[in-house]
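These notes concern the structure reproduced below.
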Amino acid sequence: MSKVYIALQDNEESHYIVEAIEEDNPDSTVIYQPAMIRIENEGRMVIKRETVEDKMGRDWEIPALHVNLITLGGNVDEDDDELTLTWND
Amino acid sequence: MAVAAITENYVGERLDRVENFHGNQVLYIGWDHHLMFCAPVAFPVSPQAPFRQVLEELIPGAFSLHPEFGEIDWDEVQWHLNGEPFTPDMDATLAEQGIDHKSAVRFATPGLNGIKGCGS
Amino acid sequence: MSNRKLNLKDKYRLLTRDLEWEYSYRDYEEIFKQESFEGIKITDWSKWEDPFRLTMDSYWKYQAEKEKKLYAIFDAFAQNNGQQNVTDARYVNAIKLFLTGVSPLEYQAYNGFAHVGRQFGGVGARVACQMQSLDELRHVQTQIHAMSHYNKHFDGFQEFPHMHDRVWYLSVPKSFFDDARSAGPFEFMVAIGFSFEYVLTNLLFVPFMSGAAYNGDMATVTFGFSAQSDEARHMTLGLEIIKFMLEQHEDNVPIVQRWINKWLWRGYRVLTLVAMMMDYMLPNKVMSWQESFEVYFEEAATSLFKDLARYGIEMPAYAATAIEEKEHLSHQAWSIFYNYGHAAAFHTWMPTDQEMDWLSEKYPNTFDKYYRPRYEKWREMEEAGERYYNPTLPMLCQTCQIPMGFTDMENPTLTSYRQSEYDGERYNFCSDGCKDIFDHEPEKYVQSWLPVHQIYQGNCGGAEMEDVLGEYYRINLGVDNLDFHGSPDEERWNAWHNLQPAEDKLKEAS
Amino acid sequence: MTIEIKTATLEPIRHTFEHTRRRFGDKPASRYQEASYDIAPENNFHYRPMWQPDKLLNDTSRTAVVMEDWYAYRDPRQYYYGTYVQARAKLQEVTESNYAFFDKRGLAGRMSEEIREKIIRCLIPLRHMELGANMNNVLCTAYGTSTVVTQAFLYNGMDRLGIAQYLSRIGLLLDGNSGEALAQAKEHWMTDSAWQGLRRYTENTLVIEDWFEVFIAQDVVLDTLVYDLMYRQFDQTITEQGGSDLAMLIEFMQEWHKDNSRWVDATLKTTVAESEHNRELIRGWVADWQEKAVADLAPLAEIAVGEDAVSASVEVLNKRLAKAGL
């Protein structure tokens, strides 16, 4: 199976997002690189608004992810509650 | 294969027609396995020039900085013209021996393998 | 009245897709003239899916937030003379290449996406392209603003748009984008939206920006990452358009496959410049070209093409060649620029011993065997006061326009020559990829404005190289060009840091 | 101490790029200047476009207007991307809070059925015209010459999409997010005789080839008339009829039009002042499109405002044209 991935700028807000991703995608791998954080997972990854809000302790909208986003790989689907990345194998 | 364009007969202007070079044609020369010269070189040269001129003027001008240049035994050199083995006639013109516009001439120097034998 | 809340999908449908109407006073074909000539069959634009469903209110809001952050950093960088904090003045040459070679491509993307953003018949696709056009404008402008401060303290930035239209090595990226923009709207999307944005920009931006981070270049990291935050949207658009075309009609599949083959090769050749930047121009290295190629091309492309296999799309034809070349590419590119360092608007140099050791470690199969001896010879010549410059202009590939510095991978010290005849004239190429591209559309590629031929035709300011370089290219001779050692950039850098000239250091070191 | 040496050697070696120095003198250039002037490719294009083989990429002959220097323009707002999005984000924030207020207070429910119907019939269908305006301005970006011109067209184009979306949201505020108002409005746009003129005009502009003529037909003639008619006169009419809450929903359009007009006027003026050739050309386009617009808008003006509405808007247009030297 192929890996989907997402990379975020290494900053305070991203740390919360990464925490949320780790919680919702327990098999994912987090890789710290210069100035960026890359998270990979086999086949599918989900970023959930609710979990991020929980980590941040405030309201957060999915489109706000783009402010810190560097790159991603996989088919994207975004709605109000989550953004998912998938590969069809 | 014709290009797919919005109008029929898409014809682009050929920028490098030989007529545009003021009586010259372009000749490319490369020295095999001597990549200190990063790529073959290009010269504007008269199609009426004898090959001797290529050997005595153009080639030294381009390649003499190489430490092996002085060691070349020109009788042993193997030539290719546009990918085919070729024996140049020193006194015939380029045109007479089929070296036309944008032809590529390569030469190999057996026994000379570049700086420390690395092909440079 | 209690208003039910609209979700993102409904909102996008009502606010964007529903704006369209069926024309009755004019024909669809009059309004979207360019939609059919490429042979792509679209039966239903309403099947277009926009994964982000961005409306203008969100666009303005989030983009303004990004810009606010970005310009705060630019201001701080300039106020604090951040240019002093890069690892080494040699590093700045990487961003000179970036401003002259890459930023103008962002400009071309701005033009190109505006073009397709008008020409597609579906509003969803049009709007996505328009937003990308606007983003690309953002990128060129933020890059100019980031470099504006460097321009005040280093040479070689000052004529970037003039140079992009004329200088030999910039003809490589320029011809790439001219090629894409002169193609029809669907091919443009495969060329730029998919092949470049989806498959290749990661190779351009991510390692390079990490490199900037590793080399203390705050301004570049900031614009780079900020630009990348738009890139995720662009990548997704690129993938979406491919899927859309493939789903619309089976007849589209072979056309799309041919475009993918062509554009991945064309884009990969342009990235030769990046390979060289990564391995040679970053004093503090992040990862080698080979390593980033493995992660961002081989691994990522494999997943992608596995995903696209269900449509009958295969891994592009020349990927195997690109993979074979990964252990040679950057060294061959650096050799080209070292050869023609007198004709470039940035500086070149020979790697230090430590840097050569890094290259040996990263390229155990090739560096010591093929390249180190060459470099040591060049260094020796430099120390003898005879820094090597190639005295003759190079042979260029008709398609990619790069000097023919690539070799046959089965015989890596033999130049790779390819040739075609068309309409009574010979054309030369660096590779099968470039030759096939020409052979398929010779009418297009006979038009290439090849810098070396243009010089020989007398169209670049005169017969003397000084006229070409100084007058036509506007290289400030003896200042912008030649080796880094002995350059005014180096001299100023040393003065800022009270360092002894590198030449002296070089002598001591050897 | 090395501080003194450092300050001495940190003097910049130049103040700006060479192209901005040549144009504006040897001093630090503004961000607007560095981001806008002389950065578009102009020479040595490699291949003729497959989609228009008789021209080059970035060919200046895609309009009959002739400028000696296509960078003679200046956007009075000095918008480059950063200043543009920040200006719009500010306007957007105000608009969002207006819309939220309108929604939260249930102000739609306070409007009479008649007023609601009138807004849905006379105002909401404009969202389709705005989509046409979006396409027209993006066309000018794609085929226009010089960044200082083309970037402003793109900002305008995206603004029009934004306005189309705000108009749609007004519809949604009025129909409780059911989308019914939008469907009705579309039906008006497609079949209502009051709208057929404007729809015909819009479709006709979508086939104009000359991008500067597009600018005249859309941004100069039609927008001046429509924005005066709908966002001034219609706003007044609705207020008089008890629908004053509409005002907070169209503030964006009013503010935007004021802002955009500064650029339209400046662009028109610079072009007309360039030559008699340009003046005559533009005069012809204006006359042609004005005549069509007046006829095509009249039925809508009559149901939205009243009989003399169009002539009042024409007066506004004539004033603007006179100011631009026409």
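By letter and in written order, the chains are A, B, C and D; residue numbering begins at 1 in each of them.
As a convention for this text, contacts are C-beta pairs under 8 Å (C-beta built on N, C-alpha and C of every residue); 3 or more make two chains touch, one makes a residue touch a chain.
Everything numeric in this text was worked out from a predicted model, so none of it was measured.
J.: Comparing the two chain pairs, does B-D have more C-beta contacts than B-C, or is it the other way round?
T.: So, comparing the two chain pairs, more contacts are at B-C.
J.: Could you grab the centroid distance between subunit B and subunit C? Build each centroid from C-alpha atoms only and quote it in angstrom.
T.: 30
J.: Can you give the whole-Å distance between the Cα centres of subunit B and subunit D?
T.: 57
J.: Once you find the CA centre of subunit A and the CA centre of subunit D, what distance in Å lies between them?
T.: Result: the chain centres lie 37 Å from each other.
J.: How many angstrom between the C-alpha centroids of subunit C and subunit A?
T.: The separation of the two C-alpha centroids amounts to 27 Å.
J.: Mark out which residues of subunit D touch at least two other chains, giving numbers and ranges.
T.: 47-48, 50-51
J.: Using the touch definition from the top, which residues of subunit C touch two or more other chains?
T.: Within subunit C, residues 33-34, 37-38, 65, 184, 444-445, 447-449, 454 contact more than one other chain.
J.: Using the touch definition from the top, which residues of subunit B touch two or more other chains?
T.: 3-6, 10, 12-13
J.: Run through the chains and report each pair that touches.
T.: All touching pairs, sorted by chain label, are A-C, B-C, B-D, C-D.
J.: What residues of subunit D sit close enough to touch subunit B in their complex?
T.: Listed in rising order, the residues of subunit D that touch subunit B are 47-48, 50-54.
J.: Which stretch or stretches of subunit D touch subunit C in the complex?
T.: So the residues of subunit D in touch with subunit C come to 2, 5-6, 9-10, 12-19, 31, 34-35, 38-51, 57-58, 80-82, 85-86, 88-90, 92-93, 95-96, 103, 106, 108-109, 127-128, 130-131, 134-135, 138-139, 141-143, 147, 150-151, 154, 157-159, 161-162, 164-166, 168-169, 172-173, 176-179, 182, 186, 189-190, 199-200, 203-204, 206-207.
J.: Spell out the residues on subunit A that touch subunit C in their complex, using ranges where they run on.
T.: Within the complex, subunit A touches subunit C at residues 2-4, 7, 9, 33-36, 62-64, 66-80, 87-89.
J.: Over in the complex, which subunit B residues touch subunit C? Could you list them?
T.: Residues 1-6, 10-18, 20-22, 24, 26, 28, 30, 32-33, 35-44, 61-62, 65, 67, 82-83, 100-104, 106, 114-120 of subunit B touch subunit C in their complex.
J.: Would you mind writing out the residues of subunit C in touch with subunit D in their complex?
T.: Residues 1-6, 10, 14-16, 18-26, 30-31, 33-34, 37-38, 55-57, 59-61, 63-65, 67-68, 70-71, 81, 84, 104, 107-108, 110-111, 114-115, 117-119, 123, 126-127, 130-131, 133-134, 137-138, 140-142, 144-145, 148, 151-155, 157-162, 164-166, 171, 174-175, 178-179, 181-185, 187, 444-445, 447-449, 454, 474, 492, 495-496, 498.
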